[in-house]
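Next come two complexes, and both contain chain A; in the first it sits with chain B, in the second with chain C.
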Partner chain A sequence: MSAALHYPSYYPSYFSIEDILATNEKVPCKFEKTACDLGFLDPSGGSKDLEVGTKLELPCWLARALASRRQIVSCQLPKTFRERYREILKADAALVDLHTLSPHFYELGQHLLPLAGPEGTTLGLLLVETLRERLRSIMDTSLNTTEDDAGTRQSKLDQLERSLFLTGRKTFRDHQLWLSRRAHIVTTSYMVTQHNKRKFSEVS
Partner chain B sequence: MDSIEIEFLAEKAPVTIVPNFTHDKLYLISGDVGPFTAGLPVDIPLWLGINLRQRGKCRLVAPEWMDVEKLTEIKEEEKQSKVFTQMPCEHYLIVTQLLLSSAPEDIPNAQQIKTLVKDIWDLRISKLRSSVAEFIESEGTHATLDRLTLLEINSVRPFLPHAFDQLHRISKSAHGSNLSQTTQDIQY
Partner chain C sequence: MLSEKALELIKELDRSKDGKLPAFNEDIIRKVLEEMNTLFQQNQRDVGEAAAGEIRYFPSIHLRHAALDRNKRCLLAYLYNRLERIRAMRWEFGSILPADIRANLCEPETQWFNRYNKNLASYMRSLGEAGGLDLTQDTKPPKNLYVEVRCLRDYGEWEVEEGDTVVLQKDTTHYLPLAACHHLIRQGVLEQVE
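Showing the complex of A and B:
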């Protein structure tokens, strides 16, 4: 229990699965140069090469690499980060269902910053303001609601918010357990009860 | 920190007991305890007091602040005040919890005290929540946690530090991209 309650907060790294999933989201791109022998990437095209001006949705990691120095493609923001959705988020961020909008909203947003061009400042501000505005309700629900209520609340949160939410839940549960004087009872570890592999002692 | 760890720290708080046995001084690592004389009140650490009480070796004396009138006063003060008021004991909830669960018959008006302490806790936690929300909205960079007790601070940990870590990380990368934007502009 004590080990589970304390860990450093999330920070993206090369091996972070969250980061990999976030950079896998699609970004609309337009090719500025002809890409030879890459026609198979565009199933509707049918030609051998990708012509200048072809519009394709590329994963964020690829788009970033192609757009940065050699400027093979030019990128647009995905629709979640465009003007219309920005207005919705500005109106009342706390009510938006971020999970359906974009499950890795903040992480993807940060990766898009260098691609956004002149819109970068607005995008950066949008990310910070959205999290700031949503933080209060996340804190209140994660630290105070009952178990069955928590599930429904959680479904509207993006992945980053969800991990924060679960952190809060752990504190809440720990405190409830302590209040009912059951915190000192040693229970079987989850790993042991869910152990599906054959045990060496059973085999031999 | 876990609640149990804070409970462990709180158990070092002194409590007065009336022993029903006589014993010499006990020499413990944390300090000397006793001597115990039957019928004479003596101050000992809470953990030892509870242990002796469970073995029926003493009677616990309620701390001075654990009194219906005093607690009602504190509760009213807490309700009126906009800031946190000074608590009579750093670990008031834990001490109450421990004393009431191990020796409810030694504390006069145990039920009332339990409700009062719970009320004070709830008042302070809701105050903490609203001030944290205000802090987030006001984009503050630091806050003083005067008069908050350890268990109260722990109730928003590690959620709050983590949340601010994320907020800081996002605003840093947003700011960073702004900077590179302006340097690019200069180059053009």
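Showing the complex of A and C:
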């Protein structure tokens, strides 16, 4: 049984694991108001309160909550989304190792949009352009690589691209199966295979 | 940083994909709940102060509240994604889960699984005219009623519907009705030969 082909989280759902992981990336923030009794959040501070002007890297979810209404903190973009890296991505996005740069590049980018202020438009364009630049080769390799190569190809993709890549591979395999008239053959269910593999490796 | 424990739960689920289910992590859940309790107590206290006119507490209240929300989201996502996985397992493994997976379920999850089993069974019985329809059967459109299968491991004596018995021994091949042996193929006892 094939359930949904991939689990996109670009429509962020409350329960999405991907989305929770993406919103955990750090964002550089500066406190604009004093937060009482929360000095322990800044390990180098040592004072009881978080004073005005304290610079701290907060996870994206916290930065968004604090920056939105009362503007308790002001945020900067993480360095991956700043001018220098934007230039690199503009030069040739297809060659960049997005996974090491930021494993949830697009996802995080979208969450940063409301924090980006005047840079918001540039950031939005960057996300779209980057994906457009890279999608072609992702699709190409997902349909034309051998099983051994797939691992190395995948290692430079961000999470969203990876799910696209795997979806491509799965549909390609299904298509091959159908062409060779083998699509009707009942096979062992996927989870059982995985489960047995583990059992054998534990025994040996 | 706050809410770090809760994230561990999510990371744990993320690491174990594809039919694995990590043991229910009661320990961390308790720690997360403790953290939430502390945050809530502190906020209660500060809200009291703020209501009396102390505006300087607002930023901390806000921050703690965001952390509470985040913790809640992580906990709910943990429980929800586990249930989704258990439900998917019902369709892959059948109504009985392997012992090592069952050991990783917590008590309410086991109850939920049993109830899901029961609901699914009574739904499938209610379908069609002649005593129900097995939805786990024929996940791919069958071409023949009978298929040739090869045994992948020793399974012992097995009764086909009409009362005949076959001995399923490793590396023997049989010609069996697909409807009867479908679930054995899915469970990796038999393999369909083209």
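Going forward, the second predicted complex is superposed on the first by the 177 of 204 C-alpha atoms of A that agree within 3 Å, B and C clash if a C-alpha of one lies under 4 Å from a C-alpha of the other, contacts with A are read in each partner's own complex, and residues count from 1 in each chain.
Going forward, a residue touches a chain if its C-beta (ideal position, glycine included) is under 8 Å from a C-beta of that chain, and two chains touch if they have at least 3 such contacts.
Computed from a predicted model, the values in this text were never measured in an experiment.
When the two complexes are overlaid on their common chain A, residue A:Ala91 makes contact with neither chain B nor chain C. Looking at the shared chain after the overlay, A:Tyr14 reaches chain C, while chain B stays out of its contact range.
In the superposition on chain A, contact of A:Ser142 is made with chain B only, not with chain C.
Of the two partner chains, chain C is the only one touched by A:His195; chain B is not.
Applying the stated contact rule after C-alpha superposition, one finds that A:Leu131 touches chain B and leaves chain C untouched. Residue contacts after overlaying the shared chain place A:Leu66 against chain C, while chain B stays out of touching range.
In the overlay built on the shared chain, the residue A:Ala183 is in contact with chain B and with chain C.
In the superposition on chain A, the residues of chain A touched by chain B in one structure and by chain C in the other are 1, 183-184. On chain B, the positions that touch chain A within their shared complex are 1-5, 7, 97, 101, 129, 132-133, 136-137, 139, 154-163, 165-167, 169-171, 173-178, 180-181. Of all residues in chain A, only 1-2, 5-7, 9-11, 106, 109-110, 113-114, 116, 118, 120-121, 123-125, 127-128, 131-132, 135-136, 138-140, 142-143, 160, 164, 167-168, 171, 174-175, 177-179, 181, 183-184 touch chain B in the complex they form.
Chain A meets chain C in the complex at residues 1, 3, 14-17, 20-21, 24, 31, 33-38, 41, 58-59, 61-62, 65-66, 70, 72, 182-196, 198-199.
Considering their complex, residues 1-3, 7, 10-11, 13-14, 18-20, 42, 46, 56-60, 62-63, 65-67, 69-70, 73-74, 76-77, 80-81, 88-89, 91-93, 98, 100-101, 139-143, 147, 178, 182, 185-188, 191-192, 194 of chain C touch chain A.
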